[in-house]
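Given below, in the form of C-alpha cells, are the structures.
Two complexes are shown next, each including chain A; its partner changes from chain B in the first to chain C in the second.
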Partner chain A sequence: MHISDGVLSFSVIVAGWAIALALNAVILWSCKCKHNMAEEIPKISIMTGAFFVASLVHVSIGPTSVHLLLNGLLGVVLGIMAFPAMLVGLTLQSFLFQHGGITTIGINNVMMGVPALLAYATFRFGYRKGINPSLLGALCGSLGIFLSGILLALMLISTGEEFREIAYVVIMAHVPVMFIEGVITGSVVTFLLKVRPELLPLDKGDMR
Partner chain B sequence: MEYPEIDEFASMDSPIHHFDPRAKIVSFTLLIFSFVFVNDIRIALLGFLFSLFILLISGLPIGFALKRIRMVFFFLFPLLLIMPLTVEGTELINIAGVSVSMEGLAYASLIIIRALAAVTLAITMLATTRFDMTIKALYALRVPGILVQMLMFTYRYIFVIMDEFSRMWESMECKGFTLKANYHGLSIFGNLLGMLIIKSYDRTNRVYQAMVSKGYTGKPMTLINLRMSTKDYVLSTCMVGIAIFVHAYQLGSLW
Partner chain C sequence: MDSLKIIRILVLVSVALTLLMPAVSAHRVYVQERITEVEVKAWFGGGDPMANADVIIYTIKNGVEELYIEDTTDSDGVYYFTPKIGVSEYRVVVSESGHKNEKTFSLTGDAVSEPEEAELPLATRIGAGFGYILGIAGIALYLSSRKSKSE
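After this line comes the complex of A and B, so read on.
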C-alpha cells in the first residue's frame, strides 16, 4: 500500500515531492485565509492521531491480514485538510513504524491524499444530490482505496517495465481492502450522521 | 498495541547521540537520499554497510534496531520472489519451464539493499535524539511552522488515542467481539471508529481551550540553545562528503 524506499526512480520521486509540496502549500495557504490557524492546528492534529491509530488495526482475511488505509474516510471527515494531515501521518508512520519510506513520503502523500480529496468531493456532491449517506460513505471509502491502487500501479509502471506484473499484483491486493474499507466507511458515516452530524464537512444548506 | 517509542534510547552516550540535531537531520537526510538512488548493487551494499557501521557506533541495542529493520525486509521480500520470474534476462536456472533470471534477482536485491540502508539510517537518526529535540531542530531549520506543530501534536496524541482505542477495544473483546472480515464485524468496527473520532474531536476542543488559556496563539516560541561544535562540523562534512562521493563515483564508473 505504501511504497518503500529504493523502489521508484529518481524522476518519479521528484515529481511526487513537487506535487505534494505544491498542493500542501496551496491548501494550507487557503486554510490560513479562511480559518484561525491557532484553532485548526490542534484539531487537525488530534484527528490525524486518531486516524493514525485506526490505521494500525489489522483485519485478517484468510491466511493474511491487511491494515486499514482509511484515506476515503479521512477525506470525508477532514475535507481538504486531509491532504496535509496525510503528509503528517505518513511522515510519522515512516519514522515511527517503518511503514513506507522516507524518500517516498512525497509520492505516498500524492497516492493517498489525492484520492482522499476526490472522496471528499464525491461525498459533498452526492450528499447534495440526496444519495443515501450510508451508501455514499461506502462508495467514498472504496473509491479512496481504488484510486490509490490505480495511482500506485501507474507509479510502478512509470518507474520501469520490470514492475508491470508487480503492478497487477498490487491492484489485485487492493480489491479486498476496497470492500473492507467501503463497509467500514459506510458504517462510520452513518454513525457520525446520527450522533454528531457537525463533524462531517457539510454546509448548513446541505443539512436536511 | 505497542507504543511507537522511537526515542527510547535517546539518553545514551555515543558520538551520534552528541551530534547536533540540526546537523544530524540534514546530513542523515542527504545520506538517505543519496543511498536510495544508487544504481550499482556494489555501491548500494557499501552504503548499507556504512549505515550499519553508523548504527554500531551509536550503540543502540541491536534488538531494537533489528525489529524495525526486519519490518522493511518482510515488506519487500515478495519482490525477491516475483521479480526473478517476471524480468527477462540471462537465465539462471530453469524450474519446470519457469526461468529464473539473473537480472530480476539483481534488481530485487538492489531495491531491498537500498531500502534497508535508508531505514537503518532513519532509525539511527531518530532513535539517538529526543523527539522534542528533533522538533526543535526542525523549527531551527525553518520547516514551515504549521507542519512542525501538526507533527508535534499528532505525535503527542498518538499515545493518548492509543490508550483510548485500547480501552474501547478491550471492552468490546470482553463482550465477545472479534474482528472478522464480514459485514457484521466490519460495521461494528465502523461504529467503534466513529466513536473514536467523536471522542478525539471532543478532546480537540478541550485541548484547544486549555492551550489558549495558557497563552497559545498559534505561533509557539521555542527556546533553542543549540550550538555547533567543531566535532559537529567535521562529522557532518564527512557524511555529506560520502553522500556526494557515492554518486560522483557512480558517474565516474559509468564513463
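After this line comes the complex of A and C, so read on.
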C-alpha cells in the first residue's frame, strides 16, 4: 500500500508532508501537555516495532501483492500517538526495506495515520456505547485498512485519470487484508481487556 | 624429351604451391554481435513477482531518451523485448498499483547503471529497525524523565 517515489504529482507530495508534519506537531504537543508520557513510551515502541515488520508479511492476491498494515490496530491501542509512531515506522521501512519512497513518507503517513485516528475515534465511541469490544476491535482493524485503501485510491485518481482502474484493483486487493487485520485487532483488544485493560487508550470515564 | 621434363617440373611446382597455399583465403571478414532479446524481471520485496505490471522502455541515444515500448509483464513478472538496432542504452520503468521502480542499463556492459547496492540481509535490516526504535524510545524516555525531574 506504500506509495513509491515518482508516482504522485509534486503538489500532492507537498500537501502530504504539510498535513503529516502539522498533525504530528499538534499530537506531540498535546500529549506533552496532557500527562506523563514515560509510561506510554514502551507501549508505543512495541507497537511501532510491530508496524515496522508487519509490512514484511505478504499476501499474494491475483496479480498484486499486498501486505499487512496494522494501522487500525495501532489506532486502537495507541490512540492519537499512532500517528507519530507511524512516521517513525514508515521512515525505517522506506530506508531499510525500500517500502515506499522517501519523498512520500509524508503522504504515506497521512494515508495510514488518518484512518488510524478515525479507527481510534470509532473504538472509543463504540466502547462508550457498550458494543462488544472484540467485535468493535475487529471492525476498527478492518476500518483502518478500508479507509487507507480509499485514500490511496483518491490520491491515485487525483494524480491522473489513468490510475482509475488501478485504484479499483487496489481497493479490491485489500479486502482479504481487511479480514486478516480485523481478526488480529479483535484478538489483541480481547486479550488486552482481559489482561491489562489500562493499556488501551481509554479514559477512566470510558471504563465499565 | 626436354619439353616433357619441363612439363613434369611445372606439374611438381603447381602441386607444391597448391599444398603450400594457406587454408584461409584473404577475404576481409566482418563479425558483429547483436543481442536479440533482453529479459526484464520485476518482483516485490519478499520475492513475489510483479505480474501484469506496466513496463515502459525508453531508448537512450546520446543522452536523449525516447519512448520505445509500452507493454505489461507476464504472470512471472518477466518481460522480453528486442533491442533497437544501434541503441545499447535503455531505461526500463516497471509499475503496478502505485509500486514503481526503474533501471537504466547498457547492453554493452559498460557501467552506465548505478552500482548495485550492497543489500544487507533481511534479518539484519529488521534488527537495525528495532535498534532505531529502541534508540528513539530511549531518547523519549530520557526527555520525559528530565521533564519530570525538573517539575
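Points worth noting:
Following the convention adopted for this analysis, the second predicted complex is superposed on the first by the 182 of 208 C-alpha atoms of A that agree within 3 Å, B and C clash if a C-alpha of one lies under 4 Å from a C-alpha of the other, contacts with A are read in each partner's own complex, and residues count from 1 in each chain.
One rule holds in what follows: a contact is a pair of C-beta atoms (placed from the backbone, for glycine too) under 8 Å apart; a residue touches a chain by one contact, two chains touch by 3 or more.
Model, not experiment: these values are computed from the prediction.
In the superposition on chain A, contact of A:K129 is made with neither chain B nor chain C. In the superposition on chain A, contact of A:T103 is made with chain B only, not with chain C. By the touch criterion stated above, A:S187 is placed in contact with chain B alone, chain C being left untouched.
Using the contact criterion defined above for the overlaid structures, shared-chain residue A:V169 touches chain B and also reaches chain C.
Contacts of A:T48 after superposition on the shared chain: both chain B and chain C are touched.
Of the two partner chains placed by the overlay, only chain B lies in contact with A:P84; chain C stays clear of it. More residues of chain A are in touch with B than with the other of chain B and chain C. Contacts of A:S4 after superposition on the shared chain: both chain B and chain C are touched.
Residues 4-7, 36-38, 41-42, 44-45, 48-49, 52-53, 56, 60, 88-89, 92, 96-99, 166, 169 of chain A are contacted both by chain B in one complex and by chain C in the other. On the side of chain A, the complex with chain B involves touching residues 4-7, 10, 13, 24, 28, 32, 36-39, 41-50, 52-54, 56-57, 59-61, 73, 77, 84-85, 87-89, 91-92, 94-99, 101-103, 162, 164-166, 169, 176, 180, 183-188, 190-192, 195-196, 199. Interface residues of chain C, counted against chain A in their complex, comprise 44-46, 48, 50-52, 95-101, 122, 125-126, 128-130, 132-134, 136-137, 140-141, 144-145, 148.
Within the complex formed with chain C, the residues of chain A that make contact are 1-7, 36-38, 41-42, 44-45, 48-49, 52-53, 56, 58, 60, 63-65, 67, 88-89, 92-93, 96-99, 152, 156, 163, 166, 169-170, 173. Taken in their complex, chain B has these residues touching chain A: 1, 4, 6, 29, 32-33, 36-37, 68-69, 71-72, 75-76, 79, 82-83, 86-87, 104, 107, 110-115, 117-119, 122-123, 126, 144, 146-147, 149-158, 160-162, 165, 179-181, 183, 186-191, 193-198, 200-201, 203-204, 207-208, 211-212, 216-219.
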